[in-house]
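Paired with chain B in one complex and with chain C in the other, chain A is shared by the two complexes that follow.
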Partner chain A sequence: MKDEKKVLMKVRNLTKEFKIKASKFGEQPQILHAVNDVSVDIYEGETLGIIGESGCGKSTFGKTLIQLHKATSGSVEYNGRDIFSLQGKELKDLKRDIQMVFQDPYSSLDPRKTAAKIIAEPLVVHKLEPDKKKRDDKVLGLMREVGLDVQHVNRFPHEFSGGQRQRINVARALALNPKLIICDEPVSALDVSIQAQVLNLFNRLQKEYNLTYVFISHDLGVIKHVSDRIAIMYLGRIVELCDADKLYDNPLHPYTKALLSAIPTESPFVKKERIVLKGDIPSPIGEQIGCPLAGRCPQCMERCRKETPKLMNQGEGHQVACFLYDEK
Partner chain B sequence: MSAQNTEALGAKAHEEMLKKERRANNVWNKLKRNKTAMIGLVIVLFMVIIAIFAPVITSVDPDEIHPLDTFLTPGQNGHIFGTDEFGRDLFARILYGSRVSIIVAVGGTIVAGIIGILLGLIAGYMGGFVDAVIMRIMDGLLAFPFVLLSIILMTVLGPGVVNVIIAIGVGNVPSFARVVRGEVHIVKNEEYCNAGRVIGVSNIRMLFSHILPNILSPVIVYATLGVAGAIISEAALSFLGLGISTPTSSWGSILRQGKDCLNTAPHVAMISGLFILVTVLGFNLLGDGIRDVLDPKMKK
Partner chain C sequence: MSDTLLTVKDLKTYFFLASGVSKAVDGVSFELKKGETMGIVGESGSGKSVSSSSIIRLLPPRTGKIVGGEINFDGKDVLKLNKKELLDFRGKDIAVIFQDPMTSLDPVFKIGNQMVEMICAHQDVDKKTAWNMAVEALNKVGIPQPEKRMEAYPYELSGGMCQRVIIAMAVCCKPKLVIADEPTTALDVTVQAQVLALLKELQDEYNTSILLITHNLGVVWEMCDTVMVLYAGNTVEYATTKELYSKPLHPYTWGLLDSMPKLSDENKGMLNTIPGTPPDLRLTGKCCNFYNRCPYVTEKCRAEVPPLVEVEPGHFVACHRQNLENKLVRGEVNEENEG
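What follows is the complex of A and B.
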């Protein structure tokens, strides 16, 4: 069934490294591996959830997809075209198809512009609606679509609540009729009650416009709610990739198991085994040898310290990067 | 139907409240509540008004020489501020001098502001090589003492109001560029600039539609305080004989004349000095007030 789906975006060996400037004169600059050799297919109409702890490179991954960061190596194909080689008009057209909703609804809206101007800006930039009257109508339509009161059209961002601001963000992203929206922790700055509203908005818009989401979050509950497939990231790598429902029932990677065991049970009477990983997440700075989890993994083998496991298929689209499941 | 009405009424009331809040938080209204800023503003407005209405306030020609009435003390023979070494009416000279002083100071600051903002925007936004080149040139300009730089410029350009404006402008460009560049560095990495990039906003639009409006408040504060500095600069240049040449009067040139007769007629230097002092104080108070209103974070 998977094979029938059209691949919208093909990410291959995407790597993003940041150079850290040497603090002392003459010192070699160190390299921070934010995203490391990530390969994933994004199917049309699905929601790919990306989950991982702080600093594991999930936001950097999202920003590299949308070219806010320049990738160090690897390729991203959108509809069969390498997006890193596009220039000029082609690049501008691509930007209409891929949009982003940012994490912080407070800083992602220009404080000097009204809601109407913010939402209209993509239309102006891409000259989609040269007629002012029609553009205003479209802006009002978008505001209604995301559940904003059209009377608030001339308000400034600081006059909105967090949830409303995030709705403005969504409206701005929708203005260009994108196919793919990268949501970088869009609800993590919001109250839990507002989170649900905004998530439902995302779900409704997906059905209406046949959108594809790459949904980045550190919240296991949120990811479970929205995702069709989930990728677990650890230290810049995808360690497990699986359909959402299967992942929660049958996690394979030791890190995923530990992560999922941290979800509190719904009933206080159910005893749950908690897998606690020892130690801290290792530094992403400098060269890495072996499996990123090797130092903390309870089932670590000799091989894990020497080689880096690649994502391997375990059937039914369940991929895992761990030597425990390598039949060799 | 009535439910709808109440809803509409509620929305209307809410809008009214919002308008009221906006009015209260309006920069002008905040400034009105700031007493020192208002004192500064009154002083500045007073100076601007006497500059504009100088011919209305006094009918005396500031350049008219009365060889018999030299060094009259204030109040003598109907000369409110007395007369100088040529018997020219000091009151009229101060009034007309305020025109030159304020025009030169404001003009110089505007010139410095426009060039400095443009250079700072480009340097801050482009970064890298362009940034390095522009800022090193600015550092080079800054390395010259202001007076030396002005002497060079005035020697090349020759005296005159426009040339003094250019000299003061060029001298103040580096500090403007630095302020702007620093602010651009902060703002350009804000998430809303990233959001603009995702949408596909061009560099020019990004600079002038998103970055510039968001860095404007510190620049306005800096410019207001810069006018105060420019008045002093003009006075210094004229005092050194490099600025406005005689017979055109400016506060600096009157001060210079007063220097030669400090013992016999101290009122010449004192009155012109007092006007410089009060005007600079006015601009400084206003600038501080605007800063308090525009970025409260900067308050100590």
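What follows is the complex of A and C.
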């Protein structure tokens, strides 16, 4: 199955910059580099995990993919079509295929709408089911699908718990039979026991509908559990990309190594060796020169401060952006 | 027994709300020794934070009330302290590190002023000495250029830095106990590792006890000597960390351990979950609170509240099916339910 994977979405040199207004009169506006030159292929039916610390641009990346943010440069091809050039009806059709589940189940649902209305809204917007009776049936079907009690159909979001709200979110995303769902930290606001329930739901739906997920999270355990491939982001760039199992066995990039060593142990009997990165993440504002990790990296070389490493292939789909693995 | 710092016995904290009495903490008991770290784990709403606020008696006036139990701190009965003694007790004997570092500092005052205010309130020193003490404390927690940072406002610092400032404030008065209420939840993993290492270092230096409240079991394995599992306001299990890891006894603890995605887990399939959701805290207290989610439930569980029993030395569990004569084995089929 792995040999003939179909590329569903092709991301090339995607860059998103935000302008920050000058604080003083006459000053030049500064540029915040949120996503920087990201290229990645998303295959049909896989789960691509994206992991990174807060502020590294994971959420911006997800939002740029579905044009909630307009990309500064680069291209995203979906099924061979460049989505940034689409307009009007074509764009609306495309958005049917790509849906998003947001991080905060509390604020991503309209508090004034009932669960039924929320789930039916995409159907109304895309005029898929004009018949009200059929639409209601479909909503009930979706609620059953995600494990919600159909008796709660006329409840408002505040009457649901966090896990149930996230199920409503998932049902809403599923309403249009999408092919790709972008999940932006869908479980980080939930408790462990509820988190496991929602993760299982994602897992089951993927098998049933052959869904493709882009799964954004900062929890390394969760990412490992759900992903087929994992991309590590740091300061707007992907620094390492490889199969999920291989990443944990054989991390190459110094940042990945540090990140993995920072996970708390799984047993009180094992003491872990820590690779400590000094200091905090540098600011993404202003001009970015050199490797983003240069200031914190224990193996920093002269070259790292001047050039920015590109993602280089290390065999078997393992890509890493670090000069340590550059043969030259 | 003199090395016991804090004893909490059958603590009950209720919230009297318009919609009823919410039993946020309904029978929590534990003991903390000097220089040790105890972890409190549980889901949100299980009473972790309320138990810790009860220890320093920092509950919302009018609605929140400690209705029963004992809290004994270093020979003092905390529940009998008057207002003045309480002010002295908080901050000096017990320091608290809250969850969100950005909001627990006052945004309109400089870091330095906030620290000096705190030191002057608890120690008999003038402002100049206090300032120097603050600089020294910032230096100790690993903040670069502490003199400069004293002049900074909280918004100028990152989350990890703010948390360091709060830890610095906490250690200034050399408290006997530090209550860390989810100190790393708002932080990234790499910064979390730094902050935890710092807490440990300070503990070794001052021989403070730490009460670490968290929902991350990984953090517990790393930091704690003993651990208490809370569910719906009750202590359901209490043991040393190693004992709890290798021989957990309560069905809820099993569910909690199983539902964590593990890195070493090769199995990509389904996670084991605990079905259902935690109960409404207004309706608890008449039976075992876990009965509706427990696969091993019996008639007795629906009728009686299970007492906290010491089944093995130092290992307490509150479950009708776990007692000295009769032990439930993990994964056993529940015969009573089958029939």
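Of note:
Following the convention adopted for this analysis, the second predicted complex is superposed on the first by the 325 of 328 C-alpha atoms of A that agree within 3 Å, B and C clash if a C-alpha of one lies under 4 Å from a C-alpha of the other, contacts with A are read in each partner's own complex, and residues count from 1 in each chain.
Going forward, a residue touches a chain if its C-beta (ideal position, glycine included) is under 8 Å from a C-beta of that chain, and two chains touch if they have at least 3 such contacts.
All of these numbers come straight from a predicted model, not from anything done at the bench.
For the composite obtained by overlaying on chain A, chain B and chain C can both be accommodated side by side without a clash. Counted by residues of chain A touched, the larger count belongs to C, out of chain B and chain C. By the touch criterion defined above, A:N203 reaches chain C but does not reach chain B. Of the two partner chains, chain C is the only one touched by A:V276; chain B is not. By the document's definition of touching, neither partner reaches A:Q28: not chain B, not chain C.
In the superposition on chain A, A:I66 contacts chain B only, with no contact to chain C.
Put simply, the three-chain overlay gives an angle of 80° at chain A, taking C-alpha centres for chain B and chain C and rounding to the nearest 10. In the superposition on chain A, contact is made by A:L109 with chain B only, not with chain C. Shared-chain residue A:S85: touches no atom of chain B or chain C. In the superposition on chain A, contact is made by A:H218 with chain C only, not with chain B.
By the document's definition of touching, of the two partners only chain C reaches A:L259; chain B does not. Superposing the two structures on chain A brings chain B to within 9 Å of chain C, judged by their nearest Cα atoms. When the two complexes are laid over each other on chain A, chain A has no residue in contact with both chain B and chain C. Of all residues in chain A, only 63, 66, 68, 91-92, 95-96, 99-100, 102-104, 107-112, 121-122, 125-126, 149, 151, 155, 159, 169, 172, 176 touch chain B in the complex they form.
For chain C in complex with chain A, the touching residues are 43-44, 158-161, 188-194, 196-197, 215-222, 224, 241-242, 245, 255-256, 258-266, 268-275, 277.
Chain contact summary for the complex, chain A toward chain C: residues 53-54, 161, 163-164, 191-197, 199-200, 203-204, 218-222, 224-225, 245, 248, 258-259, 261-269, 272, 274, 276-277, 280-281.
Residues of chain B that touch chain A in their complex: 11, 15, 18, 190-192, 194-202, 205, 210, 213-214.
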